[in-house]
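Got some structures for you, see below.
Two complexes, one shared chain (chain A), two partners (chain B, chain C).
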Partner chain A sequence: MNRGQTEFREDLAVNVGVLKELMQHSDDLVFIDRELSSGEPIKIAYVHGLTDDRKLEYLLAKAKEFGDSDFPFGSDDRLSTAEQAADCLAAGQAVLLFSDPPGAAAIDVLGVQLRGVEEPSSESTVKGPRSGFTESLTNNLALVRYFCPSPQLKVEHRKIGRLSRTNIAVLSVAGVANPRILEELHRRLDEIMTDFLLGSTTIEEWIADNRGTMFPLLESTERPDRVVGALMDGRIAVIVQGTPFVVLLPFVFLQAFQVGEDYSWNYYIGSMLRLLRIFCGLIGMLLPAFYVATVTFHHELVPTALLQSIAAAKEPVPFPAVVESFAMMFAFEIMREAGVRMPKQIGQAVSIVGALILGQAAVEAGIVSPIMVIVAALTGICTFTLPPTAMNYALRLLQFGMTFLASILGYVGVVAGIVVLLTYLASLRSFGVPYLGPAAPFNALELTDVVIRRPATWNVKRPALFRAINPYRFRGGDK
Partner chain B sequence: MRGAGRLARVLTALALLCSGCKGNLELNELHIVHSVGLDPGKNGGVKLYAEVAKLASGQQQPKGMQNRTFILTSEGSNLFEAARLMRVKSDRTLLWGQTTAIVISKDIALQGMERQIETFRRFRQFRNTTLVYMVDGSSAEVLKAEMPNASISAQALRGLAEGGESTALTDPTSLLDIYKDWNNGFRDIKIPSIKVLKDRNGGKGEKLLKAVGFFAFRGNRLAGFMPARVSKGYLRAADRLKGSSEKLACPGESGTSIAFENTKNDSRISVSVSDSGIPSVRIEVDADLNLVGATCEDVTVTPELIAGWEKRLNEEIAGQIEDFFSFSKRHKTDLLGIGERIHRKRPKQWKQMKDDWAEIYPTCRFSVIVHTRIDHTTFTV
Partner chain C sequence: MERQVTISNFQLMSLIVISTIGASSLYAPAALVGYAERNSWYLVIAGGLAGILNISVFLALNRMYPDKNLIRICKHVLGPWVGGLLAFAFVCYFLDITSWVLREFAHFFIIALNPIIPQSWYLAVGIIMGAYAVSRGLEAFSRVSEIVLFVIVSAFLGIYVVLISQYHPEYLLPVLENGWLEPLSGIIPVATWLGDLMFISMMLNHVRRTKKTAAFAVGAVTITTLLLLLSVLSCTMMFGAKTTATFTYPSVSLIQNIRLFRYIERFDAALVAVWVMSSFIKISVYLWATLQGLAEFMKLEKPRLFLVPLSAGIYVCAKFKIWGLIELGTFYERQAWFFYLFQFVIPVVVLSIAWLRGDGQKAEVGA
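After this line comes the complex of A and B, so read on.
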């Protein structure tokens, strides 16, 4: 018995009092008297609203038919202390209190109204599976098992958060995922000291290799097919109760340009889409910087006819190109954020007003040049082609830094920014995996399946990057 | 190690603060120079013209290359001084790097081109691809001329240079081409000529530009002007002709002709030196042509007739090349780089010849062999 734990007594009233004490005399804590078939009186405790009515009614109706060890629902764990019983009550289980011998048992009657399986709005696809995770850990696990009905799929449950006691599940494929990475994950999970786990991002921040970086060192997804794909690569998934976002690890930079849909199309189309996203990522990060550098430092590099058009358009604008650029980028970010937070019904109105004010009116008033509007719009649209991960936001933040450098030193500043950025990215690790892999350290064969999409028949090996212990997906003759 | 990192960061920040922003210029602080003209000035100096495009005012739609232009002028003892002094007449900094064409007056060339070309070489702003033209008269006239759909004369000059591909009357020559030939000394240089014409149809005294022929140089000195036929002969011999038109008179008729489009021209030059030290140059030309028009009274195309046309075209093309050779010998200008070919093939003999090459060149024996083929007659036999 742990110190500070309260054992159950024979007197049910005492046990009820202890539980009430532990549950802070909450008004939604309900106790119901019943008798077992042997005539022994029991108390059934549950938290009102957290239970499934049908399961609870069934439990109450059938309670008197049960023997001491005969429980109708999944959990048959005997509880030895009142603190354990309180934890179970808070987690939505019903607790049966016995007097002879003194003890308790928890029965899973959780029934919270949650949304059903829907297509994730942040990762919608044209082709491919449309199921998305929900806030229920059980449902999410079931979805993964449905997509990957393999006995080798290993699920390890844990509770994180001193107060919240949030359930999480660590998923890996035995014989594929590297046990050292799994061990390292558990070690890092052990180190989480928070009292409350608010979604998967808190976990990401606690277990990431570098907590001070704005680049995501772990991936999060709402799609079970993506989780299964990652597990098959030898990666590990962490599902957190209460969030539809599942954490995948390790994660490398170039994966930010991949979406699951790439594998739903022919490999030519998938490759083209992947290259397009990388190109758009570069434009999204660098176009305003190149524009500012070109029109303030390197006028000679622009074709004459284009420079003449840009100069004519910029003639009435009183601000330097860098101010114009920052203003437009900032305005675009405001519009984007407003669009996300705004109720959908008035979102369209915002976009119309935004387009009018930021575009036509600003140009007519001579505040910004039409070319700058084009640059800002193209940049914004390009960033929308990337999956809406933290990488997307990081690249958008980098726009500002690169533009600032461009305004000071022109192309030299942009190139210096790129060099510093690449050096920094090369220094990052995700669970020991180099963040720029397989580009640095260079592995041409693996890079072909990151930058473009290889035909499935060529993917004999799993990515060596994730250090899977079984490197082969299939070999000749295997089925 | 951490201290070194901090020091590097501080030094980088200082470098940015000290050097950054100084080289930047906003576009509305600049005048974009589109073309440059060069005339002789007083006391051996130069007069410089710069064609600058006006930009549309705030409420107007940008017109791109359809804007009107104005000309800035300045004079100095040399090109650099003239360029610097031009700034005192301009409310904005001049951006020379977008210059499309440089027009040099023939009178400047008569004073010796080396100084001017050398100065242009030292101006790092100018692109190597900047076109160079020469004009018999004032270069300012060229910059002020307006083509029907190109209000910026630099655009007209670029368009005219590209037209040489189908007319064989001009050939785009860039600053880099001139630097290259000047530095290597492999051959004498030529610069395309531009003429200012009055537009007869315009009726408002508008002036048009016409690119025709080349000015040939002998070393640093202007040797002479190559008219259309000689220019065509030169381009054929130098294997630079991409397309042209040829015509033959209809036999026994006056005022009628048979026209051909020249679609391909390949030439090969071989050089030999006799024991007596007389160089012989043999040029073989393969030309493909198509019949594009015949105004003769009776044209029934037969294989015999085609063979006859081919023979006459051989003579016509050979005549063009021979005319070029006569010009070249007369002005002692080695535009084909014959001297360099001898140098590479017979280095020992070249050593004895190179000092007197200007005198030896006119004694060269030239022979021209032309193989013409008429590919299409577009007539049903």
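After this line comes the complex of A and C, so read on.
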């Protein structure tokens, strides 16, 4: 018996009192009197609203038909202390209190209204599976098991959060995932000291190698097919109760430009889309900076005809290119955020007003040049091609930094910014895996399935980057 | 326990290629035609052999003392006093080289790109980049060097390939009309460019050792020699030897002759990228070597604390050591012996003494 734990007494009223005390006398805590087939009085406790009505009714109706050891729900769990019973009640289970011998049992009657399996809004797809995770851990586990019906899929349950006691599940494929990375994950999970776990981001922040970086060191996805793909690469998934976002680890920089759909198209299209996204990522981060550097310092590098067009367009604008650029980028971010937060119908109107009316009016008023509007629009559209992960936001923030460097040092500032950024990224690791891999450290073979998409028949080996203990997906003659 | 910092053979190769090709590709075509005119390609090949000889000295020292850097080797071979003095001289040499590279970095942009931005700003950017890289560690900037190598080699090859229609191979004729020896009068400057890899003497004990380490190191000098050869040949075939000699940066003039689809021209931005990246790596490796040398020499427990003052010192040295590009170019040509002394002569002396002490045989037995 742990110190500070309360054992059950023979007197049910005392046990009820203790439970009420532990549950802070909450008004939604319900106690119902019943008798077992032996005539022994029992109390059934549950939290109103957290239970499935049908399961509860069945329990209440059938309670008297059963003895104290054969409850109808299978997942019953004997409890030895009142504190355990309180935890179960808070988690949505019904608790049966017995007097002879004194004790309790928990029965799973959880029933919260949750949304069903829908297409994930943040990772929509044209071709490929359309199921997305929900807020239910059980549902999400079932989805993964459905997509990967393998007995080697290992699920480890844990509870995180001193107060919230949030259920999480760690998923790995035995014989594929590296046990040292799994062990390291559990060690880091043990170190989480928070009292409340609010979604997967809190977990990410606790277990990431570097907590101070704005770049995502772990992947987050709503798609079960992506989770299964990651598990098959030797990676590990963490599902958190209450959020549809599943954490995948380790994660490297270039994976931010991949989407699950790449594998739903043939490899030419998949490769082209990946290259396009990387190109768009570069434009999204660097185009305003190059524009500002060129217009401010390096006119001589622009072909004469184009220079004349730029000069003519900029002539009525009283601000330097950097001010124009910051104003447009800032305005674009405001419109984007407004479009996301507004109800869908109004959001569309905001983007139309922003793009057409505001842009047109700003040009006519001579506040910004038409070229700057084109630059800002192209930059914005390019960032829309990237999956909406933290990387997307990081690149958008870097736009401002690069533009600032361009405004004081021209091209030199931009390249210096890129070099410093690369150095920073190269110093990051995700669960020991270099963040810039497989570009740096360079591995030509693996790079071909990260920057472009290789045909499935060529993927004999799993990515060595994730240190899978079974490096082969298949070998000649294997079925 | 602190994790052992290790880099791969490929990363070592990248660091050597980038550090040696940057400056030499800018200055070499103009400087070498002064010695060998249209036969400067021959001088480059000779310089490449000298570079391989140079790197072999450091590889031999590393083979004898696999766990020691140059500073510790000096103290071990020559004793605490003489060895300590020499070690201190090497630390000062590393510091000096860092400041030369920083000054070259700033000069190039002032002359070739934009004279409006003050020199101090370029110097500050250069040293901040280097100090930041050193603060993130050898492994971080070695990984970056792998990407930079790809960018630099692609950029150089791209430049030489798109100009192919404008080359005049006849400008290379006649070949070696004054014999094989006369062009070698410029061997020292070219050997200092291709042997500008002293930093590896501080780095080799961090390389994840395989049987191929020596091959990668020699391969790095070979790649640099080939790139430099292409640079010298392109300039000579494009402008002829005499015109090449009149340019400050013939590579810039080379790029300015590129015109694609009759309209797209001025690819100077590519050269900016190459120059910033190669200077970044070179400043980083020498600053790192200086800091390591200082830490080893003064037995510092927290060398990172010295990074900022050291960087500030290098900035001041770089700003005031010469007054302009002409003095810089003259120093490189006339005082090339200074660089050669530290790059080759003294390491050969240390290696010879180590052999005489019998450390070479011990290493072979150990191997």
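Of note:
The definition used in the following text is that the second predicted complex is superposed on the first by the 475 of 479 C-alpha atoms of A that agree within 3 Å, B and C clash if a C-alpha of one lies under 4 Å from a C-alpha of the other, contacts with A are read in each partner's own complex, and residues count from 1 in each chain.
By our rule, contacts are C-beta pairs under 8 Å (C-beta built on N, C-alpha and C of every residue); 3 or more make two chains touch, one makes a residue touch a chain.
Note that this is a predicted model, so its numbers are computed, not measured.
Of the two partner chains placed by superposition, only chain B is touched by A:Ala321; chain C is not. Contacts of A:Gly413 after superposition: both chain B and chain C are touched.
In the superposed model, A:Asp195 lies in contact with neither chain B nor chain C.
When the shared chain is aligned, chain B comes close enough to touch A:Gly366, but chain C does not. After overlaying the two complexes on the shared chain, residue contacts for A:Val295 are found with chain B alone; chain C is out of touch.
Of the two partner chains placed around the shared chain by superposition, neither chain B nor chain C is touched by A:Asp53. By the touch criterion defined above, A:Leu307 reaches chain B but does not reach chain C.
Residues 297, 300, 305, 408-410, 413 of chain A touch chain B in one complex and chain C in the other. Interface residues of chain C, counted against chain A in their complex, comprise 8, 10-11, 109, 113-114, 116-117, 121-122, 125, 129, 132-133, 136-137, 139-141, 143-144, 146-148, 150, 263-266, 268-269, 272-273, 276-277, 280.
On the chain A side of its complex with chain B, the touching residues are 295-297, 299-300, 304-305, 307-317, 320-321, 366, 370, 407-410, 413. Against chain C, in their complex, chain A makes its touches with residues 297-298, 300-303, 305, 408-413, 415-416, 419-420, 422-424, 426-427, 434, 436, 439-442.
Against chain A, in their complex, chain B makes its touches with residues 16, 19-21, 23-28, 30, 32, 34, 53, 55-59, 62-65, 67, 95, 97-98, 100, 125, 127, 154.
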